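All chains are identified by letter, namely A, B, C and D, in their written order; residue positions are counted from 1 within each chain.
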Amino acid sequence: MMRRCFVVLAAALTFGAGPALAEDTVPVGAIEILSGPSAAYGIAIRAGLELALDEVNVHGVLGGRKIALTIEDSAGLKDQAINAARKLIGRDKVIAIIGPTLSNEMFAVGPVTNERRIPTVGTSTTAVGVTAIGPFIFRTSLPEADVIPVTLKKAMSRGVKTIALVYANDDVFSKSGFDVMKAAAEKAGLNIVAIESFGSKDTDFSAQLTKIKALKPDAVGISALVEPTSGVLLQARQLGFGSETLFIGGNGANSPKLGEIAGAAADGLIVGSPWFIGKPDPANQQFVADFRKKYSKDPDQFAAQAFDALRIVAAAINRAGAADPVKLREALTQTTFSGVTGPFAFTAGRDPASAAGVVVLVMQGGKFGIAP
Amino acid sequence: MPEWLDDFLWTYQNLVHALGINGLLALSMYVVLAVGQLSLGQAAFMGLGAYSSVLLTLKLDLPFLAVLPLSCVAPVLFALAIGVPTLRLSGVYLAIATIGLGEVLRAVYLNVDWLGGALGLSGIPGRAESWMIFGLLGVAILALWAVGRSAIGRAMAAIREDETAAQVMGINLARYRLGALLASAVLAGLAGALGAHSSSFIGPNEYGFEPAVTILSFALLGGIGTPLGPVVGAWILTLLPEVLRGFSDLRLVFNGVIIVLAVLFLPEGLLALRMRRHAA
Amino acid sequence: MTTLLRTLALTLHYAGLFAVDRVDLNVQPGSVHALIGPNGAGKTTLFNLISGLVAPTEGTVLFRGLDVTSLPADRRTALGLARTFQTSRIFGAMTVLENVLTGLQPRCFAGLIATVLRTPAFYREERALVARARDTLHMVGLSARADLPAATLPHGEQRLLEIARAIAPEPALLLLDEPAAGMNPAETAALANLVRRIRDLGTSVLLVEHDMGFVMDISDAVTVLNFGRCIFQGTPAAARQAPEVMEAYLGQKVAARLAARAPRMTV
Amino acid sequence: MLAQQLINGVLLGASYALFALGFTLMFGVLRVINLTYGFYFSAGAFAALFLTRDAGLGIWAALPLAAVTAGLIAVALDWLLLAPLRRKRAPELASLMVTLGGVLALYSAATAILGPDIRRLPPGLVDGTVFELAGLRVATPQLFILVASFVLVGALVWLLNFTRLGLAIRAMAENPDAAGLMGIDTGRTAALVSFVAGCLAGAGGVLIGLNFNAIHPYMGESMMLRGFVVVIVGGLGDIRGALIAGLALGVVEVLTAGYVDSGLKEAVAFAILVAVLWTRPSGLFGRPALRRA
């Protein structure tokens, strides 16, 4: 009985699901979080990728071949992300992988794909060190190191001289954002008066905020996902922080949910963003319109970045002239592209070259607008 | 080796490793359940093994075969610290204390800079080979099987069935319970070290409450009549999300339901096997 | 001959009551000693104190001349003290043979390493244990049941199994808690023979039992407890005559009536 | 600043105590560490969310309804998971395991159905006035929690000591078999205790969700770990102990975060738990009040 079970399992593993590979498609994989507690990010990214796929496959690549995109779910779990990468490479024979969603997934997946020389393009991995994993690891998402200084500059132009930093110390995203924020603040010559941490599931921040309030900083920098960021803001207002204190968000605050949860408490917060839904250029407006048409909702920054990423990969495949991973890698390093997040090229370190697309947003009445 | 086989093995290497490592974890739960205790510290022990082994590899660059045995040291010390005070109390206290241990360790990993904080430790060389993982799993199964079919195994079974009667048989409850917890810590520590050295990255959130419960569901699905049961349970629950697409969404629901059903209806587990408890 | 088991002013104070109150008990080697008394007299509690499952408030337990008062139950078993329970506590999921093997725990010396490596010494010991267990099962008449799951035995055989498990390591003293409860007359008679054989093989027996015929039949000495106190200690014959014993059992009126008729106890 | 920090600590501690009350009641009477308790907390908060956001009720109508919903869920889960084990007289670890599996399945199912994101109750449900006195600030929802925790402790102590139901509960806590023999319907009493505990959890979920503006399926789980600390330190089954331990834990956490290192806030709570298990496993305040009362 047991033996028969194993035979069936092995058969399922060998011949199981997976797209039928037509000769004339170019296989590309993606690993995103489609289930579990962080699914919201992966689902936004998938929407962006599929919208881009529609656009790319109108003409195809390499003279008319369609891209076959296989999206695997990592559920935010390290092991499942690695399994997905191995399956995409070993079975689906993809020539490039987009994703995975989180930086810590990339730390697990990157060494595997790099070893197999498959270009891997993160669209939402902003942590320090991601592209240092190896020569095949790229990202199109601006690392926080490029965004935060722009935000801080804006703050300093408003007369901020002292800053307190609070961050969630238990997720990669927030911790690495904090590291960058601290380094950037030091570099900009701001006086850091306090550094406080909390857990990303915490709901009470009163102790940290009371301490900060007594120090009267000009600004408070928050590096955390959107939910705890909202919590911090709400409780700060309760404890009597007024408009004299400028709140500065990290990448996590760059979400329309901030307005929904924190409401008026978030008013005045500024945050740097590689993309903004209201950016007036026609490419962006077209993207927003198409996205709304296809999904009946607004795109967010993750969808926008993913939308660009697949089109960058498609452009690089054309430049490489063949569906070959190593040639694709070379091509990626030379590709320049103009996307909804602005002009794009990779640096020698395989990070986005330009922070020119960064806009500083300010929250007002539950909505982001471009900061004056 | 033909190319397709090479590809096949490469594709499923991580899954194959996970089967072995989860098998070891299931055994580490088995030894504790086998003396009628419940510990939710397996994930914490695994984390200690993982972190300590990675530090030995990255900072001291010791060879992996030296790292592996050393990775048991920290879990064993923590098992002693948790076990000595709580094992004389009712079983509930061990369960709670081990949950507490997991949280304390998580806070330590997050707040100590040279443990990487939330970023964890990355760049771990992939030194865990399949033969090591399955060799250790095989040795563990054989050893536990041998122990099961001996006076020690009879004592463990007696404790699980009726603590008072076992005591009157001359069995020192505390000694067996502590011994089981230490064996559990060793197995989990090894699993942690092997897991860390086959996935290049470890982070503090991998060793929390949910993995601990998942390990429990391995053991309860397979049943604890023999050491094979938990291993098979672990294999089923490791393969299922790979075979059934879309299952991953409900993975934890499924694990939870398994525990409920096993406790209420199938106390012997899916494989209601029992082993002979003597060797002559 | 020194006394095998002695309790000195053994007392258990529990929830404002004296469950056992300054009991001095002497069990002589080579004897069958009965502990009787009405329900709630503290007999089982006294057993728990002697076997070490409950710690006394005050007093001392001497076993084979050693003060075992602060020793845990398992250490007392290792010294040669065995017991059964009022409601049988066999290991139902094990086989009959494995139950008896578990009882032989005090005779198991193979360490973890020898066990895992399956050394010749381990096999020698294991074979000796199994042989001893089979002998014991033969003695209580359960040989044919050796490989059945213990839970499937009928009640009377479960009681015998519990006795076999307790006597397998040839303890110096066996505590039997109501061994005849729920047995039919034929089974009870066989049990009496078994108890005598156990005594003759060198294990003294201290038993709690309500079947007075059984008690009078096999006991060499009787101790009577009432409300946690020892009210009588002596031979069965003397116990039969002692008015305080009858009073405890039957209440004063009935005792007086029975005394007038030169009673034979068959309660 | 110290004064404000102490107030912060007491307010946080009140939410811990409020959460732990039903948990410790359940343990005291049913002798079971019921890990599904955290789920009632989440369920209460979600019920309030639906009632206020979608059905348009005010908070004072939604609060009791949400509490009762959580109470009914508690009764159903007790009936499904624990009653069969009580009938079988299964060991306490079996109950712990079954509720562990149950709560994992429930949280994950709730996440799959409701989504993982954090919601908040509609703004403006309660007057958000912040009282300020000599620079010390307390918001209205925080006062609700503080008042609720004391009122509910009082109500529970009254229920246990001065009502027929309380008598039955105490008898059952003392000895379920004897209680059964005395004619107490232990099945019904167990269900009632579950109901009361579920209502407490649900009400706690609403008030705490209201104060911290964070409602998500796992909110009970994050509280559960604090709940363990409070219940063990206060003594399993000790209602007044839970109140004192909850307040103390809140103050210790806030002072740690305020004056030592905010990263250690959580670790301190669990270090206390482990220390208490080492030294005084029956809790800092001795025997459970339920059995003493």
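Here, a residue touches a chain if its C-beta (ideal position, glycine included) is under 8 Å from a C-beta of that chain, and two chains touch if they have at least 3 such contacts.
Values in this document were obtained by computation on a predicted structure and should not be read as measured data.
Q: Among the chains, which one keeps its Cα centre farthest from the Cα centre of chain C?
A: Of all the other chains, the one whose centre lies farthest from chain C is A.
Q: Which chain is most central here if centres come from C-alpha coordinates alone?
A: Chain nearest the centroid of all protein C-alpha atoms: B.
Q: Please work out the Cα centroid separation of chain A and chain C, and write it as a whole number of Å.
A: The mean C-alpha positions of chain A and chain C differ by 73 Å.
Q: Between chain A and chain D, what distance separates the C-alpha centroids? Give it in angstrom.
A: Measuring from centre to centre gives 37 Å for this pair.
Q: Roughly how many whole angstrom separate the Cα centroids of chain C and chain D?
A: 48
Q: Give, as an integer number of Å, the spacing between the C-alpha centres of chain C and chain B.
A: 42
Q: At least two other chains touched by the same residue of chain A: list those residues.
A: 35-36, 169, 197
Q: Multi-chain contacts in chain B: which residues touch at least two other chains?
A: 110-111, 249, 251
Q: Hey, how would you classify the chain contact layout here, line, ring, star, complete or other?
A: other
Q: By the touch definition up top, name every chain pair that qualifies.
A: A-B, A-D, B-C, B-D
Q: What residues on chain D touch chain B, complex-wise?
A: 33, 81, 84-85, 90-94, 96-98, 100-109, 112, 221, 225, 228-229, 232, 261, 263-264, 266-267, 270-271, 273-274, 277-278, 281
Q: Can you name the residues of chain D that touch chain A in the complex?
A: Residues 1, 4-5, 8-9, 11-12, 15, 111-112, 115-120, 123, 128, 130, 132, 137, 139, 142, 208, 212-214, 216, 218-219, 222, 253-258, 262-263, 265-266.
Q: Quick one: in the complex, what on chain A touches chain B?
A: 2, 9, 12-14, 16-17, 35-36, 73, 75, 78-80, 82-83, 86-87, 89-91, 103-104, 107-108, 110-112, 116, 127, 129, 133, 168-172, 174-176, 197
Q: Which residues of chain A touch chain D in the complex?
A: 35-40, 169, 196-199, 201-204, 206-208, 210-211, 214, 227, 230-231, 234-235, 238-240, 257, 261-264
Q: For chain B, which residues are in contact with chain D within the complex?
A: Within the complex, chain B contacts chain D at residues 36-38, 40, 82, 85-86, 89-93, 95-97, 99-101, 103-104, 107-108, 110-111, 209-210, 213, 216-217, 220, 249-260, 262-264, 267.
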